[in-house]
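This report refers to the structure that appears directly beneath it.
All chains are identified by letter, namely A, B and C, in their written order; residue positions are counted from 1 within each chain.
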Amino acid sequence: MSSMQLTSLTYNTLLKMFSAEKRFDGRKLLEQRDFSVEYNVSNKAEGSARVRMGKTDVVVGVKLEVGTPYPDSMDKGNLMVSGDLLPLASPRFESGPPKFNAIELPRLVDRLVRESHVIDLKKLVITEGEKVWTVIIDIYPINDDGALIDAASIGAIAALLQTHIPELDENGRIDHDKKATKKLPLLENTLPLSITFYKLGDSLFVDPTREEEEAADGKIVWGLSNYKGKEHMIHSCQKGMEASMTSEDIQKMMKNLPKLYDDTLKKLKKFLK
Amino acid sequence: MKEFETKNNEEYEDMGSEPVSRTVVVPGEVVATGEDFLPGEGARREGSDVVASRYGLAEKIGRVVKIIPFSGAFIPRRNNVVIGRVSDIVHSGWIIDIDYAQNGFLPLMESPRFVNKNEMDQFLAIGDVVSAKIWSVSPKGIDLAMKGKGLGKLEGGFVFRVNPSRVPRIIGREGSMINLIKEKTGCNITIGQNGWVWVKGNDIDSELKVRKAIEFIAEKVLVSGLTEKMEKWFGENK
Amino acid sequence: MAFKRPDGRKLDEIRPMTAKIGIIPNADGSAMFTFGKTVAIAAVYGPRMLHPQHMQDPKSAILRVNYDLLSFSVADRKKPGPSRRSQEISKVTEWALSPALDLKDFPNTVIDVQVYILQADASTRVAGINAASMALAQAGIPMRDLVCAVAIGKMDKELVVDVDKDEEDFEDGEGATDIPLARFANSDEFTLLQLDGKIQPEVMNKAIALADKAMAKIYEVQKKALKEVHSE
């Protein structure tokens, strides 16, 4: 696959196209691709999901480990979000220490999941003050055709909803042979998702293909959920890239965020059991 | 009517009544047995067998057995037209990314008009796209030339990529397929042997149609009746 | 008493295999291969530019393999990042595949092969080699032959074909011996040969004979995956 960088020709064409509200695949600027979710990517994970959105393909796995609580949260379990941009997924990803995008992606999903309180960490204590469950979410893109963060957030919540707590043996260690029956304690209606807006020239758009994403001048990732019954609660935000966002941009995003979240949720619900 | 492919501007002769059989083969598979058969491109002899060295369509034309690969890296040859992106400017010319493991180099003197050393980026800046011809290929690099019809800096429109092994199919026998697309869309199209395609039309919708048509053709692997299929496609996709 | 395989298979029975190519659109070639519950995916990028320049070979492309397990592919989560084990497997996989490739057409370049295990139930490196072999063919790399790989096991005194995790953990008698092998599909040239356990020379020859039979079955699966995408 080509690793040729964006040409000024394509950039200018996309600029013109976006001003005319046109995209190569026929979508509107604020229209998201359909996606599908499969489960059981790995029978060794406590929960896992695979999201295919256009040609973007991301797998997310949840593992539980017995750990010690953090000193400032002795009555709670732990959450860690990790992963890597596997060189498998794109001619742009390299082996070796993670570059910024590889570091940012898990951190954004972490912030979203953590701030939404979707995992009831207080219910993950094994022995008060000594042993707790650590929930580890690992995110791996398999094919990058844009919008990895949004696809990853869908995969994360889908995987979490499937996750079961392993059984412990008499020594307090995980017994992988015993069938796990307890589900991970979640606020099942919270459903955290990320919606990323990109900017090219003056146009805002969502769910880019890789080509569109490489042409973008600016981006801003929003994390939302239905927090304790309050719809469209924003938990996290991170602006990236060089172009600035105007207050008009922000107003436009605030106007469209709820619908984009609802549309994604509607599509996701088809795959939730 | 038998469909033949053009490859690197060579044409296969219509062998008349000689049967042309094609089967999908994997590397290492025996394609023909007997000293009568000769291994062509993508095939080799092992003992009395002709064996595939590529994954593709094994084609027997008379005694020659060759493999038409389904996919493969672009191998640059002299006179290939390529489309590339200016990736750097040095004092003696421009470095052009032609989507190959080596960069192309366009010497200063190859520019169609006189360009001052200090104004090089006014003629070709980093990120600009050119169509050029390969002048020479050597371990030191690939030299490009840009004097000639249809070559030069590309302005307007956009570029996209297909697998280089599909280029002959998109061009078609004696250009029949590419001409059909041009006719149906009214667009200017340049295809590089390196898989990059440039489209420019009067409006975005025609340009988008060209891209869709070409990507449609590129996905189809078996050749038979492709021209008819595309006539039908244009009928359905107004 | 003869060894009874935990999942009830016959001694020379391979787990159900599946294979599919083209699963990663961005890659030049890609494939998935499974032995029962072991799932391997492979992507090939190249030939492409190789940096730094001193690593380039002016006579040929170099093959570079990266094998690893995804964190959640195993029961005890594997921390992200290469381990000694994955580095060793990357190297033997490279040696298993490179004799089959014709790299002289692409001097000064690199062909990158990425192999990842989504779900591990033993025989991961051989599943990876089977996937990589198909991916290399799909990428259009000139090849002498496909490469087939399987793990032969010896459970106490009994030889078995296609070792699964329960068998890998077997401890009775002489315990489990794991013998991963790779061979050219159509000729008697072994390109991967590793061993871990206890085995005597005469038995080793029997293991090789078993492997030969298994390779033929694996080759059929690989061929089918490569050919079925083109049936119209």
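Keep in mind that, in the parts below, a residue touches a chain if its C-beta (ideal position, glycine included) is under 8 Å from a C-beta of that chain, and two chains touch if they have at least 3 such contacts.
The shown structure was predicted, so the numbers you read here are calculated from the model rather than taken from an experiment.
Peer 1: By label order, what chains touch chain B and chain C together?
Peer 2: Touching chain B as well as chain C, we find A.
Peer 1: More contacting C-beta pairs: A-C or A-B?
Peer 2: Of A-B and A-C, more C-beta pairs in contact link A-C.
Peer 1: Taking the mean of the CA coordinates per chain, how far is chain A from chain C in Å?
Peer 2: 32
Peer 1: What is the distance in Å between the mean C-alpha positions of chain A and chain B?
Peer 2: About 39 Å, centre to centre.
Peer 1: On chain A, where are the residues touching two or more other chains?
Peer 2: In chain A, residues 3 touch at least two other chains, as defined above.
Peer 1: Any chance you could list the residues of chain B touching two or more other chains?
Peer 2: none
Peer 1: Which residues does chain C have that touch at least 2 chains other than itself?
Peer 2: Residues 28, 48 of chain C each touch two or more of the other chains.
Peer 1: Across the complex, what residues on chain A touch chain C?
Peer 2: Within the complex, chain A touches chain C at residues 1, 3, 41-45, 48, 55, 57, 59, 61-63, 65, 82-84, 86-91, 95, 136, 138, 140, 142-145, 176, 210.
Peer 1: Can you list the chain C residues touching chain B in their complex?
Peer 2: Against chain B, chain C makes touches at 28-29, 46-50, 58, 100, 102, 105-109, 137-146, 184-186, 222-223, 226-227, 229-230, 232.
Peer 1: Which positions of chain B touch chain C when the two form their complex?
Peer 2: Residues 24, 26-29, 42, 53-56, 69-73, 75, 101-102, 139, 165, 221-222 of chain B touch chain C in their complex.
Peer 1: With touch defined as at the start, can you tell me which chain B residues reach chain A in the complex?
Peer 2: The touching residues are 84-85, 87, 97, 99, 125, 127-129, 154-161, 195-196, 198, 204, 207-208, 211.
Peer 1: Contact residues on chain A for chain B in the complex?
Peer 2: Listed in rising order, the residues are 2-11, 13-14, 16-17, 20, 22, 24.
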